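One structure follows; several queries about it will come next.
Going in written order, the chains are labelled A, B and C, and every chain counts its residues from 1.
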């Protein structure tokens, strides 16, 4: 065990108590998380499952939106680090009884909880909690704003597959307007020196995205030949009040990544997609399951990134 | 670890296999639980999280009413004692398939469960289970009847803050009629020598409460100057078929604990409230977050009380 | 601990990575599972709760149908073997977002999960997953097709109580048409040399069941004197589109096992019922709670069978 953990090294000067968004992190901090996550990924691949770094700590999922995979990815990460995990997620939780979200979180903290992992449809909720709690807060998605561990796992997968991030051109394709994944990726990728293009129908991509230092395009076919990474976002029908395009079939004709389009990309193109994927909408099965796709790698890296984040946040003295 | 647990002492002659209500406990038994809970509270404050007193035991939450915080408080208590925890709570559980509650509980027990923690909207359900199971049963709320661990944690908080219980005057304010918390507090406080006043609108407080040996009042302002503790109960709209007062605003005008009323109390007044609180209804934010409030202490004490109860019940030879 | 596990022996040449149905197992394989389950049952009865045979393994419940008891029986089995347990069960899971069941399962597997335990209303779903995953798959019920651990625990209970299976006559009574329990029992019992009769109203029992090598009957009274075991299936109203009999009272008159019918059976008759039971429908309380009933033994054996299955499947090198 001592041998196992020796490879992890120390926390490298990490000083943040919360992970609220990639906008707040420096390039050095992002790289530190990725390096630590790389350690956990390799150890997981080697069959290790028990890393007693958070023994005696308690982590808490407090999801106010339905989530199965992110919630369980955090739960697995916490348990593999030896933490106790408790789940306060529920649409039917005390909030329905008129309690404020700060009161709910303070109540949970009062049970001697060290890390609160939260998802809420209102942007800024994790920041509000961070200001009002003594324990660590992780943003697992605040409306369309940020989802930093998703950004980190995407960037980790790019670095793993292509060996670097700086100088790459990464296109985020699809439902940019409603995507916290897009925002977290943009902040992280820009800081590490990548170019970002946001691409999708004009109802979902606005020229104002240029203010974040990214390029925009309404045509996937136009940008295909010059991108190194395609990150295919899911159309989130559940977040939309009006239909942003005439039909799913029309969307797929213009934006689905299929073998015909794949033939026009650079040969080493990397295909990412934060699940769940809609096969035949944003990506066709042959591409999703092909050698350019790193979709399942993203999932495994997700556990590794969350282990790294949980460990780093809890190494900070409060 | 031996050193840590040395401070706990022995079970002091505890002989009960179930915790069904504070009506059933003697003053000595209540004091014993509070003393053990005090040990766990101090150890939790000192950063201890692992007390392997229930290793190899299995505890089970069997909640037939929605609950996030009580259910998780028990789950954390059980896990910190080293027990396995399993959760059979579900509105959609087998009961919906026509099974009796006794059969459901016997099935759970047959999986080799040592403690069943249960909440049910029908008063007496935990007592029915206690008669039909070999394992320990804890009442986590049976309709408007009793919620003994809530009563214990309230009384523990009073004793901690004010140094004693005997001789104090404690007012329970608000929705007395539907409150299991009120009933458990009344039984416990009376046994330990406190005076209790139940206070609220006449639709929620009846003169018949005098039969339990308590005083009643329709006016918070009238009793304010002479109480040592105010326990502000939540208006439980979900338990009421008809509106017991004309408006929430009218209720708040008459019963909300605010700074104006606080100025008329004894200076050392203690404010309790079993969460979730409705800010602006039974208590205003300045009072809820002020120095007289022990609302978050109650939550921490809740985990400690449940650890004490789980430990005591499982020390009894069956 | 070494002593404890010594009694378990080795995996006896077990070579299957999945448990999809009893149709796939040989008599020798079924007997091996029962023998190992017998070891766990005896150890559980002796108070043992920790068998660190799956340390560092992760098991996952992926139930797409509501289930409290089977899901928790597997969870308890996994935890008592020292495995981590994660639960992806949810009607509101990612499937609702358009993802295929194979993608959901592959995502879970990518989190480094060793065993996926699944229930789905579509027959063959576990088989589909087994073809597409590297980890082990356990069928916890696929529509009306198979529920192998239920079959195994029923047969284990018969062998325990009557000392043998071969040569016995076992009647499955009730809702045969919709019962995966009936199918798994039939495959298992036939392989071990028992005779099986399926019995119920003609709307729920078809002559075509003879193709599986079983006898059929519409009259419980006619077969009563010659059966050794009665397995009383629950009427699963939730699986039926049209009412298969005029009234519950009429069903009970013809098929409920009551004391009057009990008097006409062999004296050593064994009464089984996979819970939850409808008291007064398929069985009356005096019979359900009487000495011939092994209903609660089935539940305890369920945990033991699942421990045996989890251990055997994970001993196979992938």
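Simple rule for what comes next: contacts are C-beta pairs under 8 Å (C-beta built on N, C-alpha and C of every residue); 3 or more make two chains touch, one makes a residue touch a chain.
This structure is a prediction, so every number in the text was calculated from the model and none was measured.
Copies chain B and chain C of the same sequence differ in orientation by 120 degrees, per CA superposition (steps of 5). Taken over every residue number at the interface, the positions common to chain A and chain C amount to under half, indicating a different-residue contact. With centres defined as mean CA coordinates, chain C is found 40 Å away from chain A. Multi-chain contact residues of chain B (touching two or more other chains): none found.
Against chain B, the residues of chain C that register as touching in their complex are 44, 47-50, 66, 68-69, 72-73, 75-76, 79-80, 234, 238, 275-279, 281, 296-297, 299-300, 302-303.
Taken together, the chain B residues at the contact with chain C in this complex read 55-58, 84, 86-88, 90, 92-94, 97-100, 103-104, 106-108, 110-112.
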